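In what follows, structures are represented as structure tokens.
In the two assemblies presented below, chain A is common to both, partnered first by chain B and then by chain C.
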Partner chain A sequence: MRAGPSQEDIRRHNLGTLLRHVHLGGPISRAELTSRMGLNRSTIMALTSDLTAAGLVREELPRETGRAGRPSLVVRPESARVYVFAFDVGPDRLAVARVGLGGVILDRRESVRRRGPFDLTELTGELAAAARQMRRKARHDAVCVGAGAAVSGGVRRSDGVIRFGPNLHADEAPFGEALGRRLAFGLPVSVGNDANLAALAEHSRGVGVGVRDLVYLHGDVGVGGGIIAGGHLLGGHDGYGGEIGHMVINPGGGQCACGSRGCLEAEVGERALLEAAGRSPEEGHQGRDAVRNVVDAADRGDIVAQEALRQVGDWLGLGVANLVNLFNPEMVIFGGMLREVYLGSAAQVRSRMAVSALAPQREKLRLRTSALADDATLVGAAELAFAHVLADPLEVLARAGG
Partner chain B sequence: MTTPLLEVRGLDKSFGPVQVLHDVAFSAYAGEVTALVGDNGAGKSTLVKCVGGIHPVDAGRILFDGDDVQVSTPRDAGALGIEIVYQDLALCDNLDIVQNMFLGRERRSGLVLDEATMEEMAERTLSGLSVRSVKSIRQQVASLSGGQRQTVAIAKAVLWNSRVVILDEPTAALGVAQTAQVLELVRRLADQGLAVVLISHNMNDVFAVSDRIAALYLGRMAAQVRTADVTHAQVVELITSGRSGELGIAP
Partner chain C sequence: MRAGPSQEDIRRHNLGTLLRHVHLGGPISRAELTSRMGLNRSTIMALTSDLTAAGLVREELPRETGRAGRPSLVVRPESARVYVFAFDVGPDRLAVARVGLGGVILDRRESVRRRGPFDLTELTGELAAAARQMRRKARHDAVCVGAGAAVSGGVRRSDGVIRFGPNLHADEAPFGEALGRRLAFGLPVSVGNDANLAALAEHSRGVGVGVRDLVYLHGDVGVGGGIIAGGHLLGGHDGYGGEIGHMVINPGGGQCACGSRGCLEAEVGERALLEAAGRSPEEGHQGRDAVRNVVDAADRGDIVAQEALRQVGDWLGLGVANLVNLFNPEMVIFGGMLREVYLGSAAQVRSRMAVSALAPQREKLRLRTSALADDATLVGAAELAFAHVLADPLEVLARAGG
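For the complex of A and B:
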């Protein structure tokens, strides 16, 4: 017979839950925690003092409450003290950030990545060097409790191997292990698909807060996505799920980097838009700026650019209509360069949806653009790193040497 | 069916011999963006000015939260919580953001202006709208870009616990990046529970943020539809000919 949760399990769970409230919701009074967590005041007090003693939170008197009586202490995350490293590896961009508990970006560095062959040693070396520099600049009592990376490609959940990354030109690359070794912080690096992580970031800190069912579409060179159903990311059996960009919407359509034809990515990705707009996608004329230029030109009346956006918007609408029919989300979020594409072609996108999506599914659907914008993937990587801390705050901190 | 926050029924308005609005019905709902579209001269601005208390109406009713109301002056509209942001924005270049937001409605403590409170309220409103594009709220409006000005004008409108915000072509003179920011701001206003009316000629803007579309054609309301149920082509037809298939004014 399996025993019920032990006293210790319950305490660990409660500590994690309390820390999650503070981490995601920001400073919060003990009284508010009492009502949100449904625990009594003395339990909340015991939990906060444990977390305070561990240096994860601190308690302060509020400035003014506007209410009579003794004010309840406000619990704040120790953002400057407890932090994680977040990495973002996109086709055109490398980013490293030191992110404090509570989601505060304390320090960040970005560099341009040249599209070319994938060199694991060089890549992890560059990322690790940046992280080590940031670590030296951190406060002397600061503790690094985790590391997470968002990668533009399909990642095996168990060991952080990039199984396929056509836009990074990566194939079976043991990225998580290599980066962990180069960092030499004694911490494992959790790795996830960038669009999946951006979806989680929008769900926990962006436009999708409180929305249990959402679909996030992320446009970069390719198109990725994340489906959150009932509050959980759909990862599938091995964690490769949610590859919205490789949903075939136009059989016999454009050639996709994945080897297939007519994938959503092949019809609405960067290359499709630039080609339709008659712009040669050569070095220097690609990336976010090139996409913005097309949207800008369309706005100024360039009919070729307008037609390109119409075409791309139509395919995008078809893709979203399929997703809406399948998952009945409450919200669809357009992130990355799809934010600009959606705003520049919304008439087409929604016209197509009005025709192709089922009426009950689209009735209450909300279409939104990403609130975290270019930071979505990085914020998602940080949240992935914090997940361990929230699961068992004291243990993780003890291991990290706090 | 929820009650519209702002509803207009049977509105007639003439300027001398010219009848500009014929029996117009219009509804705007809390938490939604209602796009008001129509060709030049269809009566969009006149309708908005009637609701805003600038033009007296000849006939018809205005209902606010289900109750009949009289809106004879802009002050009446303001008291109900109806704010209009006009195309020219009506901001003073030589004043800073806080001064503009409180222009004509300054807070006083005793005989002097209560700068601290005004600053705090302005700050809170801008951050509540997730506006991060302005550096300092004590910046002169003359130094702001077009998009930032639009943002200040919108923030000014929502400062007063307004419940209905009407925006007249807020993206007309803006570049793509600023248009995106303003559209996202428009969407956030509605997501925070306001009823937003967006007048626009740009169909992408209309489809990007609206929940409903109301199309005026030669002073008549051709149709009020849910954005999710119509196509671009149908809306264009409603605007240019007043009807589209089953929708629109009966021939």
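For the complex of A and C:
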């Protein structure tokens, strides 16, 4: 319960808000900014001048206006100049991208990760080497203003330690600090849970733009989630919130990697689907392609695959019903491999929800699939890195030497 | 993404913040307000003058300071002058209270409600009559600034309609509007779900003060809940959030009043406990006393009662584990009849949580019982009514004719 903000707080807030419009919405005229931000023209001009001088945006005459009179200048993000690094560490994949202000992926590299032991030194070495190569290829005046990483596991918000990551075989791994040291860019690395970050990405750039209350379900090998409540990511006390994969829905059910039984992950995760479809999930018969094969086989009339999807869809519907009762979201988004599973079992999901989700919670609910697909986690990692810049644009840029 | 606030917004915010300190924290010196709000002395003096002139607070010399020098004036809420009405409609009880600024219960009345059909006209008539009597007994210069009601059911935030209330036998009942009309005080009645409001009450005046992330479980006949995430009540898109009683945890389990099976309510609600203890929940053997009898019997060594509590405690532990995984709260609070159930089965709850709650989520978690006990819902209803006053103190008081 502190008092109102100072003039300097207000200026910083306005600079961040203006930059956020440009970063998330793309090129926008000064006139439009004036109207959206509810500030007068001279204030908008002063703010854009400050951001232009710092090299965060540039102002240009629009190509065509179709209207008489002096056209309003268009403010564009300096995407090629101001960028962050985004990292994604999944059970089956490593990805690194250089992402410019405005969300433009300027450069990216992906590699297959073999399931197996988690070697922090090797992993962070590989990620840092890729980032350093990309950095050398960047424009000479380009400025790196941050780094963010999405990892498949529970991450302590305060220091980026992976507390538990059964699907990465990681446990108490000081990932954020190790990656920061290997990068040696003089920048901290912000680390988040991959499903949490994918939820943020869908909320800021995907199917959930403008939706203040949404639940995002992320299927990879396991099942994770991210909750946007009242426009903000639900992190909980230490940042572990949103572990929807470890909500028990079938207490007599399958063993889960977390040690419990009948978690949502144990009933709708990759292994559950492949086993139900009679495809033993061994090396070579696992991952996203194996999941797609089951959905495709069901489409072609394979009865075993259809029954597997029916079974998994029923549990998925029950899990979603619980989440809908708890969160009363406007939208539920299926991402990662659950995108395919939902598309292959939507009728079953809806029919189960009709029984187990309360009617008022269901009536305005929209079920959607991820718009960013396999980029959601990487885009979310970039947004995590940009969050610092949007909170205090000039200060962050000055510190980065821009 | 609007711009920063105007000077008038800041003043209103500061008036509300100062009044909130006095309302929630009780009498406080100007010096302490200066330090807590981070404003200078002359601003605090101007704000308290405005609130004093409006009759919301008064300033007095402290009784003793124990220090030399001129003592700082103490700001007190005008509890006897500025008040709200709070209503509580539970399955077994009706309560009406006149609650003064600062949270003082000035007058209250309770009556037993017989389980059975929901008669909106009779119910709102009885509540309004009690409120009008209390109003006549109030000080001649007292000003009613709001009314809030807690009801056992899902309430649409926008208009106070009870959308579903199986334990009240209410369905699509326009309760808020009907009560407002019967009161005829010229004030709207804000209506909320009883468990949501009890959560708010524990967060503002109970065991959860200062806890930004908490889960409150409320047992009455059914099971409800309220989630405080990042310091705010999680309402969801339409205000139906927090229906933890209808999270399915045992898909093959008991029939629930909502139409689904194996909901938390069906496994740990009053009926589940009484049936497990071999006490058929008929008229005369139900309600809070019947629940207490089972817990007392278990304490005295009754093996059937002990086994019933063990069984219900196991399901309760599983439900709480799910909530802990989803919300990563700092505190879980057991309220209503779940207070007794938890006290009688804490070992079982904790042992189930050790299996099904993720370790990082568990390590700082505190399990607590409600501090406000059976007053939690009523106190929450009062806080709902006061929320308008704290948002814009002078305007609300002027409208109320104060």
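In this text, the second predicted complex is superposed on the first by the 398 of 402 C-alpha atoms of A that agree within 3 Å, B and C clash if a C-alpha of one lies under 4 Å from a C-alpha of the other, contacts with A are read in each partner's own complex, and residues count from 1 in each chain.
What we mean here is this: contacts are C-beta pairs under 8 Å (C-beta built on N, C-alpha and C of every residue); 3 or more make two chains touch, one makes a residue touch a chain.
These numbers were taken from a predicted model, which means no experiment stands behind them.
Novice: May I ask you to decide whether A:355 touches chain B, chain C, both, or neither, giving the answer as first, second, both or neither?
Specialist: both
Novice: A:39 contacts which: chain B (first), chain C (second), both, neither?
Specialist: Touch status of A:39: second partner only.
Novice: Which partner reaches more residues of chain A, chain B or chain C?
Specialist: Of chain B and chain C, the partner in contact with more residues of chain A is C.
Novice: First (chain B), second (chain C), both or neither: which does A:339 touch?
Specialist: A:339: touches chain B, not chain C.
Novice: Quick check for you: in the superposed arrangement, does A:80 touch first (chain B), second (chain C), both or neither?
Specialist: neither
Novice: Where does A:296 make contact in the superposed view: on chain B (first), on chain C (second), on both, or on neither?
Specialist: First partner only, chain B.
Novice: So, does A:94 touch the first partner chain B, the second partner chain C, both, or neither?
Specialist: neither
Novice: Considering only touches as defined above, state whether A:242 meets chain B (first), chain C (second), both or neither.
Specialist: second
Novice: After superposition on the shared chain, which partner residues are touched by A:20: those of chain B (first), chain C (second), both, or neither?
Specialist: A:20 contacts chain C only, not chain B.
Novice: Would you check which partner chain A:322 touches, where first means chain B only, second means chain C only, and both and neither mean what they say?
Specialist: A:322 sits against chain C, while chain B stays out of touch.
Novice: Which positions of chain A sit in both the chain B and the chain C interface?
Specialist: On chain A, the residues that contact chain B in one structure and chain C in the other are 355, 359.
Novice: Any idea which chain C residues touch chain A in the complex?
Specialist: Touch residues, chain C against chain A: 1-5, 9-10, 13-14, 17, 20-21, 36-39, 43, 154, 156, 163-164, 212-213, 227, 229-230, 232, 234-244, 246-252, 258-260, 318, 321-322, 325-330, 355-356, 358-361, 364.
Novice: Which part of chain A faces chain B closely enough to touch in the complex?
Specialist: Residues in contact with chain B: 292, 295-296, 299, 339-340, 342-351, 353-355, 359, 362-363, 365, 367-369, 371.
Novice: Residues of chain B touching chain A in their complex?
Specialist: Per the touch definition, chain B meets chain A at residues 130, 175-177, 179-180, 183-184, 187, 203-209, 227-233.
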